[in-house]
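These are the structures in question, set out in turn.
Consider the two complexes below, in which chain A is the common component and chain B and chain C are the respective partners.
And now, the complex of A and B:
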């Protein structure tokens, strides 16, 4: 039997994964949720048919969205995480003992429930005592807090559907306001390669540049995302992602990672010429 | 009408590209050769069904295999190129006026003929007066020359089929011998991500480490190759790819690239932790 999941990465490109079986399929108020088991990637989660994570390569995304800011900011106590219902961001964050509190704002309770049941490798730490989960719209949640967080991580879906509001000027402006005077915001920033993703990436960068004094973009190789070339945004009130990187302090922690190293951290900001130009066009 | 080309990147992963039309299909003594026209990637070339290049992203591979060694070696006069029938490597090399002679050794004359006709953007410079094309087996060709080249570029297919010999200890040893006392060899080094590619990558690294005193690996984002995370090998008798990089000299040339910059050059060698471990295991 041939049993395949296919994602249309663009109208003209399909990425297909052989599936052993579908573990879950359901529909929440917000989206369709599916979990599959596959020989190549282990289990994987899709929302509305779009790849969110696979057990084989999720470590790349989650390490890169968490350890890059954590190796720059000297003392993170309070963190706000938007999205991240699969738990991968939380798993990486709770490795830092100095973090006192994490507010996680996930719009869809069913994502958390499904991930706890079917994706225990990412959802392993959603019961951490430092974590408060709020089932709410991130766009609305972030309107109230003022200078309350050291780090905001925006682990959004793509800029359409439930994630749309997390790519707006209003949202980034409120994140700025919710951060302390030396706060950092990191977001998933789409890909520079396919035309539609590149436009989303440019638009997000333009809006972040307007909201933050320091705004840089860094990259990672994520094989199951369209083109495999994925970007993150590093927006900051005070710290520079390279000049304020403290390799020694981070390396003394002895955290073992599979993708992130403090050397790779630097290289991740050395982006290709065409991506530099794409971003410069809107700066 | 739905018309798609699919590559099995592993037995469990397929990458598919919508095709407008097939421009060429033929069989040489060595392999099946196809050229397609597609809305997303422009024209693309496959050998035995494996993706070799697309007009949209070939610049990444060709810039990275040529400009990295050229920005390190202070004076390249004689170059040996193995494979490269599509002409992309030659197009980048002939931008350097100090290169006096290029021997290109391509096993399959039909690849050159087809690329000249259907892929003029890569095959544009195959009539350069400094270029000699030899239709021969690279493995055999490299047995004779002694200290004749400053740079060898191994633009091979995968380590099975016609390209198999270009991943052997004998081949790398002969490349060493064919290089001058400060020569550099760069090769396409497979991908670290999918299991079978990772094994090929480890095996190649082990053999190159045994042949050259300096052997490093660098990476690029190549969306149409399996996983999008592709590696190159930098093997050298004298120059170190980072310590001997001369940014100023290279930047003064004023060569415009779409992917390569001397900053990205450094980052390309800052590889993920799991790739470092993969390579260290065989060093």
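And now, the complex of A and C:
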């Protein structure tokens, strides 16, 4: 007997992982949630059949979405995290003692519950006393705060489905408003490779460029995401992701990472020519 | 078939049955189940083009329904509490026009509010009836036309006892309702029929907390836009008739202008939408009401915007308010409604129903979800933050009392000449000028052009409202009647 999970990364491309067993399957008000166990990638979480994370490669995504802004901003006290029900972003954030408070806004309580039960490697720190979890629509939550956060991390799903509102102009504008005068917003920025993803990537970039004075894109290699080539957006009111990188300060913290280094930080902003072009088209 | 069995959808069922029979088509339409137009089939899908078929025995005939269309009409009549229902495929425009043409003819008077839809004016051009306008009250703060006061209708009836009909918007585009029940009674007491334009009121039939529907109020005919809040395809509509109207006569009138090739896509969409509303309408509209109320509260919390609702109700010119309508006044953020309308589309990819000088209207329906509401509210808060101004003095929309000099038909067909707009003051206009949306006439054929009207046209143009109607699309010129002699004895018919 063979048991495989397959995701259609495009209508013509399929990505499959051999599965040992399915640990969970359920449907919330917002989406279908599944957790599988696999020989190659360990446990993995899918939402509506789309890969969210695997135990084997989640560190890449979570380290890159957290440590890049943390190595640039000199003093992050208040953080807003949108999405991130799996807890991976929180796990990386709580490594910084100077962070005083984290608001995490996840639309789907069931995702958090399922992750706490089946994905302890990422959901390990969801009980941190500095963390407040709000089960709410991210777009709605970010509408009211003004200049309250130093860092906003948008750990969204794809721009089709419940996460759609997190790729909009109004959302990025509201994030701008919710950030302090030197605030940074980092978002998962889709992949530039397959045509449909590239359009989403371009649209997101266009809207961020329109909303923030500084808007750069950086990359990482994430094997289980479509094409493996994934982008993040770094949008900021004041700090430049390279010129304001304080590598000495970050390295003195002695945080051990499996993917992120301050050297890689610099390299990550050097993106392929076709991606540069794709983004320039909408700048 | 039991006419009360609302789980049935006879047209849809007949189409399904027909598809299974795999009949070889040697009739129209010529695309023959899409095979003759593969690109169209790819776009619309095989199911869709396969359903685009001609009238035939098993599928009935819209011009003279005897089987499945007739059954669908009976079910619709049952669902809406009407004596007769007619499935319409030429939009609610054709429903409104058939309704008017059914009750008035050349030279006869019809009492109507000025803020009627252009389709009513079109009907008057077609039939030669003479409009008697009732001034809808205007809300000064919002700059919107309200409903007709019962006393104003009474005054019009007393001044025109020979009028044949009274037409009521139920509700207006903005969701405002007149006291329909009292107006119906008043009309009937004076031997007149009462018509309701329910282009924006389909849902009134399916929820007890919404304003009274035309059929429940005893109106004689109602044009109901199923494709607006009812969920059927664009261009499909319903005409409803009460017990005092001859169904056969209405059918004859409809057949004067309705296509003989009624689309089965439209007909089946009416059938399925009716079934859905009859079975699940109440819960669906309960959800819509809750979303609209939530959105109103959130929008009012942003500050500057005024999303209005039942607090406008004053027992007369605003007898009731349709709470599913999300109308928002934008003047206090220093932007015209039309500017907010454009910003929402251009900056935020949000298309709303309309913007006028002072307001926007977002149309909520059974297809909406909370997440889209959040986008709208989020975008409105951003529009205020990024583009809001302070203390911008904006001209408000004002009701300009029309001066009717000739019947619309007479003026429409009379010899005319084209003059620069500035030189038309005092002349009699021979064409329509609409500020669209919301499609309320500024001038209709047969009305005198005044200074006030010229100023208003120029202002609305400058504000970016789309002005439609005249032959000259830029409205720098206007057609006026050529040889105009004052008619001392009133209106030229």
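Observations on the model:
The working rule: the second predicted complex is superposed on the first by the 283 of 283 C-alpha atoms of A that agree within 3 Å, B and C clash if a C-alpha of one lies under 4 Å from a C-alpha of the other, contacts with A are read in each partner's own complex, and residues count from 1 in each chain.
The working rule: contacts are C-beta pairs under 8 Å (C-beta built on N, C-alpha and C of every residue); 3 or more make two chains touch, one makes a residue touch a chain.
Predicted model, so just to flag it, every value in this text is computed and none were measured.
Touch criterion met: A:164 reaches chain C, while chain B stays clear of it. When the two complexes are overlaid on their common chain A, residue A:4 makes contact with chain B while staying clear of chain C.
Of the two partner chains placed by the overlay, only chain B lies in contact with A:14; chain C stays clear of it.
Within the superposed three-chain model, A:143 lies in touch with chain C and out of touch with chain B [touch as defined at top].
After superposition on the shared chain, chain A has more residues touched by B, the comparison being chain B against chain C.
In the superposition on chain A, A:240 makes contact with neither chain B nor chain C.
In the superposition on chain A, contact is made by A:271 with chain B only, not with chain C. Once the two complexes are overlaid on the shared chain, A:173 sits against chain C while remaining clear of chain B.
Legend: residue contacts after superposition of the two complexes on their common chain; A:27 is shown touching neither chain B nor chain C. Note for the complex: chain C touches chain A at residues 298, 347-349, 370-371, 374-375, 377-379, 381-382, 385-386. Of all the residues in chain A, the ones that touch chain C in their complex are 137, 139-140, 142-143, 162, 164-165, 168-171, 173-174, 177, 210.
Against chain A, in their complex, chain B makes its touches with residues 4, 6, 10-18, 38-40, 57, 60, 193-194, 219, 221, 223, 227-229, 257-261, 263-264, 266-274, 276.
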